[in-house]
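The structure under discussion appears below in the form of structure tokens.
So that you can tell them apart, the chains are marked A, B, C, D, E, F and G in the order they are listed, and the count of residues begins at 1 in each.
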Amino acid sequence: MQGQAQQQAYDRGITIFSPDGRLYQVEYAREAVKRGTASIGIRTAEGVVLAADKRSHSPLMEPSSVEKIHKADDHVGIASAGHVADARQLIDFARRQAQVNHLRYGEAIGIETLTKEITDHIQQYTQVGGARPFGVALLIGGIENGEPRLFETDPSGTPYEWKAVSIGAERGDIRDYLEEQYHEDMDLDAGVGLALEALAKVNEDSLSPDGVGVATVDVETEQFSSPSEDELEAILAEHDVLASEDGDADE
Amino acid sequence: MQGQAQQQAYDRGITIFSPDGRLYQVEYAREAVKRGTASIGIRTAEGVVLAADKRSHSPLMEPSSVEKIHKADDHVGIASAGHVADARQLIDFARRQAQVNHLRYGEAIGIETLTKEITDHIQQYTQVGGARPFGVALLIGGIENGEPRLFETDPSGTPYEWKAVSIGAERGDIRDYLEEQYHEDMDLDAGVGLALEALAKVNEDSLSPDGVGVATVDVETEQFSSPSEDELEAILAEHDVLASEDGDADE
Amino acid sequence: MQGQAQQQAYDRGITIFSPDGRLYQVEYAREAVKRGTASIGIRTAEGVVLAADKRSHSPLMEPSSVEKIHKADDHVGIASAGHVADARQLIDFARRQAQVNHLRYGEAIGIETLTKEITDHIQQYTQVGGARPFGVALLIGGIENGEPRLFETDPSGTPYEWKAVSIGAERGDIRDYLEEQYHEDMDLDAGVGLALEALAKVNEDSLSPDGVGVATVDVETEQFSSPSEDELEAILAEHDVLASEDGDADE
Amino acid sequence: MQGQAQQQAYDRGITIFSPDGRLYQVEYAREAVKRGTASIGIRTAEGVVLAADKRSHSPLMEPSSVEKIHKADDHVGIASAGHVADARQLIDFARRQAQVNHLRYGEAIGIETLTKEITDHIQQYTQVGGARPFGVALLIGGIENGEPRLFETDPSGTPYEWKAVSIGAERGDIRDYLEEQYHEDMDLDAGVGLALEALAKVNEDSLSPDGVGVATVDVETEQFSSPSEDELEAILAEHDVLASEDGDADE
Amino acid sequence: MQGQAQQQAYDRGITIFSPDGRLYQVEYAREAVKRGTASIGIRTAEGVVLAADKRSHSPLMEPSSVEKIHKADDHVGIASAGHVADARQLIDFARRQAQVNHLRYGEAIGIETLTKEITDHIQQYTQVGGARPFGVALLIGGIENGEPRLFETDPSGTPYEWKAVSIGAERGDIRDYLEEQYHEDMDLDAGVGLALEALAKVNEDSLSPDGVGVATVDVETEQFSSPSEDELEAILAEHDVLASEDGDADE
Amino acid sequence: MQGQAQQQAYDRGITIFSPDGRLYQVEYAREAVKRGTASIGIRTAEGVVLAADKRSHSPLMEPSSVEKIHKADDHVGIASAGHVADARQLIDFARRQAQVNHLRYGEAIGIETLTKEITDHIQQYTQVGGARPFGVALLIGGIENGEPRLFETDPSGTPYEWKAVSIGAERGDIRDYLEEQYHEDMDLDAGVGLALEALAKVNEDSLSPDGVGVATVDVETEQFSSPSEDELEAILAEHDVLASEDGDADE
Amino acid sequence: MQGQAQQQAYDRGITIFSPDGRLYQVEYAREAVKRGTASIGIRTAEGVVLAADKRSHSPLMEPSSVEKIHKADDHVGIASAGHVADARQLIDFARRQAQVNHLRYGEAIGIETLTKEITDHIQQYTQVGGARPFGVALLIGGIENGEPRLFETDPSGTPYEWKAVSIGAERGDIRDYLEEQYHEDMDLDAGVGLALEALAKVNEDSLSPDGVGVATVDVETEQFSSPSEDELEAILAEHDVLASEDGDADE
């Protein structure tokens, strides 16, 4: 109780530190990320894989409208977890930054540069008053100078680069699975498989094609691409995680 | 009591997260939506149907003044539920965006584009201080590239695309009915019928022509249209939901 | 007590919702309207009638200075109830909008357009911080395309169109009387009579010429006009609601 | 106690309504007016009279420095009651408005127009945050189109037109006396007499020339004028309210 | 206790009135004035006298650095009591106003005009949020059209004109003495004497030349002037208020 | 308890002092620094050494993404401890200042000048409202006029120049070690060795090449340089602090 | 307790007065000054002496980085006590004012003028909201028109001129010593000696050359100058206050 009262005294304004040097609003924004369904990123020798749990609560909702993986530029994909409306703002911000780079420098934006522009934007919302932090984490994957790169942004505005990473619900379990199974010389297909297996692990071992999102950015083509629903069904079957019953018979 | 006191500590400022990562003001704005009477959207093969419960509390009020379905552009209709004055602001915003699109690009605005512009606008009111969220949800229905599209916006600023959807009071019951009865190959008339039956379900099985609003956007004509009161009376009779007594004998 | 404490937690800032989705400051502004004396609007086949209870507390006050019905343009009258100084601001706003319409489009502003401009203005004061809502309701009556129109604006910024309506004190009793007595094919004189009878109902059945305001906008002339005090005395006598003793013998 | 705690919850911010629709800060500003000594205005057939109680607490203070009646333009006088520094701001505002009218339209400002410009200014301070209301009431008297006009402004920004009126301390007693004694066909001298008698009533029936201020605006001359101290002494004697001992023997 | 709790509820924001119509922050600023040592102004037939108690707490401090009487223009002196840093701001403001008058109109600023510009400036700090009132009172003395004028400004922004006046500590006792001893036909020397005697009254009947400040503005010369320390010592001796021991033997 | 309640009263707004003259928010920001892993700076006769503990919590994270030492200009390196996102903002700020200096003056920015521009920027966030202090300390090392310089910035915006210094976790223990072992005539290699030994002291005497960052700025070359991971492994082995098992076998 | 609760009610906002007319935030800023180590200023016939206690807590810190005496212009030195980062801001402000004076008027800024510009700047931070006062006092010493001048600024923005003065820790003891020993006809060397003896008095009678700062501005040269460390050691020895053991053997 005492500790709790203590904590409450410092967590209601984003612009203040607690006596032990913490920014509670940023930590609570991280909780908003955990409330979101999981997204996974995997960097393979052949490119970057993004995958996301996007189960809908209603068969009448268009699966595309809960899409959690977006193309930010030809060579960049972004997956998110957390407050959906906040994610959309940051993805729009990312797209504008990518366009501006094309216009100014006549070339595709670097993945690291793009990530830093996003995290600078996020950090501002944690230091200057009059606004709340973004309640979302992003995975930014793409090809830069022929190399696959995979970054995470968190609500404090810190960027991290990963070989394989998970954000959102059950982050811990998925990370454990990734640490066990990941190796850097995987090809893209193996990366997609690992991502889907990890998602299935925390979904009673089965996934339906419209409840999961997958995208890749290939080192060769440097193009963001997403499998069709049929292709995705085949991939799920191949990895033995296809749900036996498709929940939405109308489609 | 303890839990309640806890909650109260975090719900009085829109710009802060609660310790479990929630934005209470946005959640309360969703309650404002639930306080509004129901609106329904149905996407059929032939176009989009919007229907709304618009019962007035007085026979002296002009039914048109509680109109909940508005034409945003020739090819777009918007239905709302929740805080009426807020709805009007967003519908005006939508109309301006549609006009600007005509002026800038010489063509009709896409339904998805329009929806995203509206949700971006809504999201700003949930992150930046000095204002409250919009206490309203919208259904945005129209034709884009010859295809019917139906979107919902919620007070967080998240867009959802639906085959059939309900917002406002008794959302749960109506959704259950829609999930049972909806199929994607319905024609427009069947869609209108389903919407009215669903509204009647939560209105003691009967509707009067001036207590309900209906509009369609047809794939062929790409035009928003609304039945006259006489046509509406016929439709209600046809679907066996016409109220036996018309509450306002003066008209 | 518990419920009251709950309510108090959410009603001191206009920009926040209560947990059940209400905007208390807007609701309290509606109470300010109820504190004002009654105004009545009646739409007849021949034009619109506005009437208002404007009893003064002192025989030394000029009756005109408690005038509650104002001409906003040649073809538009506005009656108010509630916080007087706020009403004056909105009436000035209405007049400016009417003038701007003349200047921009060379024609008289539509009654519905004018109403929407006023309600947009009112809504802003309920969503953006740093100001309070307007504590006033207006009745806006006039002729548009040869048709009589009668609108109400409330403190939330919602417009309503009415056949007959009352705002301010004892709204319920007056409304009941109007619902009983009103029929759409009334002529202007009958409308004036009904309005005065309704006011008299809640004033011990008698009105003095300087304690009541009346105005009409005629479909034929499309002109706002107000009876002289003598004419008004005759009208009151005709409808058998003239107070037997004139409270201000000095005039 | 309960009621008081209730009230306190709503009276500390000017921009909010109490649950019963009141603006407490405006009501408290009215208390500031009551704390000021009385001012009186009387409209006669021949012009407007302004009179004010301006007793000083020290014989060393210059009587002119507690002057409560000011010339706003050749044809307009303003008397005040309440917070002196606020009164000065509004009187300066009135003078600027009068000058601007001369410059723009080449003619003297109307008394009603001037009053409305002042009350608009006052109302802004009651609705928009970041400032407090003006703690002062004004009596604005002058000639417009050959007619005497007398207005009051209150802290809410509402204008009232009066035949005879009192603001400030003991308003009730003075008003009762005015209601008994006033008749509209008084000449200017009778008006001055009535005003002084009313002031004397609440001052133990006697006034000293340097403890009272008087001014008139004559219908004929349309000029603001103030009696000299000797003239004022004669007037006081004539009306039998001259204090027997002059409090300041040094002059 | 109850009363105190009541008061505390209204005294922490400058922009609000208490229920009895008071502005507590302005009243507290008046307390800051009382915390300052006394200043005295006396208007004589031959000019204005300003005198101030400026005892230093250390013999090492330069007496000039606690100077409380400043020349604002050739013909105007200003004495202060209260928060020293605030006084300096207002005196700078006064000097700028005096200079601007020379530049704009080619003549010396009137004493009353200057006073009003200062009080307008002070009043703003009591009505608009985001700042505190000035915690200082000023005595402004000078010659205008050949006449001596003496004004006081208080923290509310009200100007008063005086024959003789005291601000700061022990204001009551000094005022009593001035009221007893003052007569309007004093010459300048008698005025200086009275001011020093009044200061001595509340300083154990003796003053040292470096613990008191004196200045005059003469009707003849219209020039601010200040006696040298030797002259001041002679004056003190002449009025029998010279302290027997000079506290600072080093000078 | 009493003391704690006292403290809480003054630590929630950055712009206020506590009664004992402390700025608690700045002190809490210093706690945020202590929560970060250690960084060390050592000034030797041959140049400046920066070293940092950058252990990652996951083998899947790219070590470079927890880099804590950055090149700010050819001749300047910056190490940080504390809130990572804040550090990134200040390092970007430093880089811009360095670039601006090149553009304006055509020469490299001085280390002291750069430090002062950073500390001025930090100080602003401790005095002006609407933002929180930076929760980070920096070590700024480089060559100026052929001399090695090493500065620390703290969250109050104070710069310190050091011969050898540690920021972040376990600052006390590392400082004790540095005070014992440091001497000014060390060469660069000895400086690197001392920094690594100090880091190892608080890391169970062993470091892995990807858990530590090292950089130097050489007096000769005036260039920032960082050893490769292999070089770093050799250096660690040479100083007998190489961890026996490399935690990330995949690399 | 009661008194303390009272005080707490008024000390958390810089823009408000307490009921007894005090500005607590300014008083707390004075406490921040007392937390700083002492600085001393002495005005002699030959020039001004500034001295400061600048003991470092670590032998590894560069003594110059705790320098508390700065040259503001060729003829002006400034010593500080209190919040170091605030002192740096004011010293930068002073330097800019001195430069601007050179540019505008082609001459060195007067010491009194410079002091007033600094105190005006400080005062603003005590009256206008959104910032805290400066937690620092300055001693400003220099030559103006061939005369030595020595000013103090305090956190309220009040300037004082002194013959000899101390700010910061143990101000009372040092002042007593200065009052005993100071005489105005001291030469510069005697002034330096007195300053060092006073510092030694509160430092166990001994000072080390790198723990004390000294500077002078000579009437002849009108140049700020500071002894070298060797010269300072000689001076300390001459005055018998040289610490027997030099704390930093490495130098």
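Before moving on, here are some points about what is shown:
Rule of thumb we're sticking to: a contact is a pair of C-beta atoms (placed from the backbone, for glycine too) under 8 Å apart; a residue touches a chain by one contact, two chains touch by 3 or more.
It should be emphasised that the depicted structure is a prediction, and the values quoted were computed from it without experimental measurement.
Touching chain A and chain E at once is no chain at all. Chains making contact with chain C as well as with chain D: none in this assembly.
Its C-alpha atoms fitted onto chain F, chain C is found rotated by 155°, rounded in steps of 5.
Averaged C-alpha coordinates put the centre of chain B at 56 Å from the centre of chain F. One finds 69 Å separating the Cα centroids of chain B and chain G.
Mean C-alpha positions place chain F and chain G at a centre distance of 31 Å.
Annotation for chain F: residues 13-14, 129-130 touch two or more other chains.
Following neighbours round the ring, chain D first and chain E right after, the list reads D, E, G, F, A, B, C. Across the interface of their complex, chain F is touched by residues 7-8, 11-14, 24-25, 28-35, 58-62, 64-66, 82-86, 88-89, 92, 125, 129-135, 250-251 of chain G. By the touch rule above, chain B contacts chain A in their complex via residues 9-10, 13-23, 116, 119-120, 122-123, 126-130, 151, 156-165, 175, 178-179, 182-184.
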